[in-house]
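Okay, here's the structure, questions in a sec.
Every chain is named by a letter (A, B, C and D) in the order it is written, and numbering of its residues begins at 1.
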Amino acid sequence: MRCAEHCEVVANRPVATNQFEIEIHCPTVALHAQPGQFVQMRVQSGYEPLFSRPFSVFRRFPERGNFSVVYLVRGAFTQMLARKKPGESVFVVGPLGNRFLVAQPANQVLHLLVAGGVGAPPLYLLAEELVQTGVPRQKIVVVNGARRQDLLVCQEHFAELGVRLRTVTEDGSAGAKGKVTDALKALHGRGELSGNRCQVYTCGPTAMLEAVAKFAQKHDLPCQVSVETLMPCGLGVCLGCAVKVRTANGTDYKRACVDGPIFDATEVVWE
Amino acid sequence: MSEVKLSVKLGPLRLQNPVLVASGTFGYGSEYADLIDLNRLGGIMVKGTTLHPRAGNPMPRMVETAAGCLNSIGLQNVGVEAFIREKLPFLRQYRCAVIVNIAGDSYEEFEQLAERLDGVEGVHALEMNISCPNQEKGGIHFGVDPEATREVVSRVRKRTRLPLIVKLSPNVTDITMTAQAAVDGGADILSLVNTFVGTAIDAKTRRFKLANITGGLSGPAIKPLALYMVWRVARAVKVPIIGMGGIMNATDAVEFLLAGASAVAVGTANYVNPHASMEILEGIEQYLREQGEKDVKHIVGTVKRCKPGNEF
Amino acid sequence: MSEVKLSVKLGPLRLQNPVLVASGTFGYGSEYADLIDLNRLGGIMVKGTTLHPRAGNPMPRMVETAAGCLNSIGLQNVGVEAFIREKLPFLRQYRCAVIVNIAGDSYEEFEQLAERLDGVEGVHALEMNISCPNQEKGGIHFGVDPEATREVVSRVRKRTRLPLIVKLSPNVTDITMTAQAAVDGGADILSLVNTFVGTAIDAKTRRFKLANITGGLSGPAIKPLALYMVWRVARAVKVPIIGMGGIMNATDAVEFLLAGASAVAVGTANYVNPHASMEILEGIEQYLREQGEKDVKHIVGTVKRCKPGNEF
Amino acid sequence: MRCAEHCEVVANRPVATNQFEIEIHCPTVALHAQPGQFVQMRVQSGYEPLFSRPFSVFRRFPERGNFSVVYLVRGAFTQMLARKKPGESVFVVGPLGNRFLVAQPANQVLHLLVAGGVGAPPLYLLAEELVQTGVPRQKIVVVNGARRQDLLVCQEHFAELGVRLRTVTEDGSAGAKGKVTDALKALHGRGELSGNRCQVYTCGPTAMLEAVAKFAQKHDLPCQVSVETLMPCGLGVCLGCAVKVRTANGTDYKRACVDGPIFDATEVVWE
């Protein structure tokens, strides 16, 4: 079930420097969105920018028919989005794409969620689902990374959830100084990843995804990556979101918007 | 409210209304089936289809520009056999016209495509995408050379009884030359325009933004150019025209009809708003009512010179 | 802060910096003299000048389109004699290069214009606008026909010792053909692009929006197309290029330099922001500093293929 | 003296349905603008719409370095303008164009100001100047017309000035029902225009200007018209604002932005 409709903005509040959480009334998304899925949003009436923008579903409030998205103000679109007031509307298409697959049996697996910047929201929804389905909190490790403190996303939410949270920033302004892979190495160094059955889920900038995927491969950990590409349509028709994947007889392109955004890390060809 | 007649006849091709969706912007229809009622479309021009499956160009393949976008998808598609086997059965359930956009690198490929699709149930017309390199002529695009255009169209004409649409490239000095060549070759209908060749550069990284360097420009940016070409071709040839290029709303669509197109195709707008084609259809109907017109064909090509002076 | 070298040498033409203002978008300079320091401009390409004064086309002559504008001014200008008598003395006060954009309807008109301006104090170069109808060839535009281009350029070449710039029309199948023809004819420098032919229609009144029906498209909408043409021409010919088409800010200008232009001209942007050329000049300087470049000519034509993949 | 600079918005208040008065801090315009002159304004950061928009200077507050403009919300630009808040900025180029020329000796002439819709603001500034320079109020007649009441502009301001105000609307929703030319005919019918030395100044839609010009010509009244055209540059360089005028040897085009916007009515070729 998905929809394409004008939806009312219920709230649009700053959550950190340059970061907002927008809550939108859209029963279809609120009821059906799964961790890792996204919506295409449109607020512009003209052609600046031309395309809609993809945002991961962050929280769902099915009782009141709302969902929310956390976004970082970067360019033309997110600036306009930040100006939206409750009562105004945004055009929403979604939920779109596939979801993170929870490794089974869920409560016997160490779930390692590796987030970079605005890659955090879908992993929050995943973490929440894991907690709600009874996975012990100590079995959920979130590595949340960003360049600087103010680019960290969903920190408080992960903290509130009570999962094991490892924060890393490249400049050391919050948590440990370094990259998410440093945190992964540390975990590995302490033996936390070996002996365990472990599943990695990651979402963030492409370079980070690649590094995490390589780390996982090296240590033989299964890994799901959520890729970021331009998404002109989000519906699988423009082929502008292609992701190179390995196939039986070479390589091929899959569409991030419908075949993804989540792929098995070993499937993706990193260039 | 009086009824407005929307069905149109483009030579041998009947459409229940003049709103089609352009090739490459609507997949194989199924992608939109839960969002809009495909039965209400005039027709679906499916993604460009080649003889063999194609993987397409490396990423990045698309980039936004001012009021437009450049694409260099590189004709990624499942190939004609998989199209017939996997995509067509779904489309057969609907009553809108199914137009197969075909592309080849050689005369033979075009001939084989036409032959393969001729008589296949559920295919209502062929649209030839001749904006592709003609390997037999050293890679020059068929669509920019009147002689190659005439030749490839006449060869395809001999292999199919289906209504034949030829899609013109706008990257030419005088589009009426290739238009006439296509008609001479046996085109029943012309569609125009395909995308304009362009590029984009990232100043910071000092690199092209597209892996393929160049791409095709579509969207509102090209509307003035497309509209001009439709108007010129409509006055130069006798066959009906499907107009496209930057149609985002019903007003844009009406402009193409006034310029001389008998039907329109909605392209990039489908990405931006999945309901675009439906809103355009409804908007055309409303426009005709407001203008007191009873039949869409009565407005085709009726644009007049403006009154001189400064009236707003 | 280290000094960045901005002066450029375009064949025989030296400019103190690579930022010019495009013909028809900056009048005769005097109109901007109280708003910006003309001494800081690389050069001023004055309004298209004809042998005799021209009244221009009826109104409306301009219309906004998505990220662009169509104009059909019709070469309204005071004529070459009044230009020399009334406009040039003002421009002589400044140290920026004065480039006279000339347009004729026949070979003879072009020849006479070149002859008249040759040796006139304060004229630093001629720019031939060949996007005008060649009356001797049945009205076809000089600039879309390589042979006519070569002929008109070589005739003008014989009448002037001034640096000769030929401004290419983008309304052609292959701009490298006319570019090469202009070089063969004796052009020292090429400038591109002029405007793209287009039209606009008012759906409500069912009339064209321009009295002249068609106009030339300029502005951000055409930037991807202009950039592509500059890149292609830069690889095809050996003479330096002045790039233009939709340059609104320094980043746009840098893109043209990276694509292969040795200098840029700011057009429509002058209307929107009288300071545009100055901001672009400052922005280019800042860009060069950020990139660690010491000389603007070091970045000309240095654009590279992008890395495949999805890095943002 | 003119400027091209970013200026602070001091106030932006609704003055009637869909009408706003925006007050802008710009000493150059505040000090130098003359009745009939205009400014080019830009609020858009992108290209929707591409061009700046011309607005007549309505009031000047030289002491505080401000001027104001009254505008009707019509399209993309004026919608954006209406959203501007005090403290934000607009880009202003001006003052531009020529001014209404006051017939002399000013206090012996009947000044007939004929306004249509958003043509009223520059006539208000003229009326104010006439009053300030000592022209008796009964020598200043303003005919203010519009299609409907809510399209009338500057009504209260003219009223406050104490000049003779004749209001006309096409639908009769305010003042007399009819067009401005009906009001002119009425004035003429009552003999107010004959015997008097009279000068007509008019600003409004082209069709109205033409009708007023013809009325003036018929009754041999001198008439200045302020024309409206698209104004891409406002600086005299694009030639997109051409106005056809009569010359010694035929017709020619003048530029509304620098040769106008005010022309002698007999000079203009109405097409």
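Quick note on the criterion: contacts are C-beta pairs under 8 Å (C-beta built on N, C-alpha and C of every residue); 3 or more make two chains touch, one makes a residue touch a chain.
Quick caveat: nothing in here was measured; it's all calculated off a predicted structure.
The chains that touch chain A as well as chain B are C, D. The centroid of the Cα atoms in chain B and the matching centroid in chain C are 33 Å apart. Between chain A and chain C the centroid-to-centroid distance comes to 47 Å (mean Cα coordinates, whole Å). One simple way to say how far apart two chains are is to compare their mean CA positions; for chain A and chain D this gives 56 Å. Counting partners per residue, chain B has 58-60, 66-68, 219-220, 307-310 as the residues that reach two or more other chains.
Within chain D, residues 47-48, 229-230, 243-244, 271 each touch two or more of the remaining chains. With chains as nodes and touching pairs as edges, the resulting graph is complete, every pair of chains being joined.
Residue ranges on chain A touching chain B, taken from their complex, read 2-4, 42, 47-52, 91, 93, 229-230, 232-233, 235-240, 242-244, 251-253, 258, 271.
If you check the complex, the residues on chain A that touch chain C are 46-48, 205-207, 227-230, 243-244, 270-271.
Contacts from chain C toward chain D in the complex involve residues 24-27, 31-32, 34-35, 47, 55-56, 58-64, 66-69, 71, 73, 76, 219-220, 248, 268, 270-275. Looking at the complex, you find that chain C touches chain B at residues 58-60, 65-68, 70, 144, 171-174, 196-203, 205-211, 213-214, 217, 219-225, 227-228, 231, 246, 251, 254-255, 258-259, 287, 291, 299, 302-310. For chain A in complex with chain D, the touching residues are 46-48, 76.
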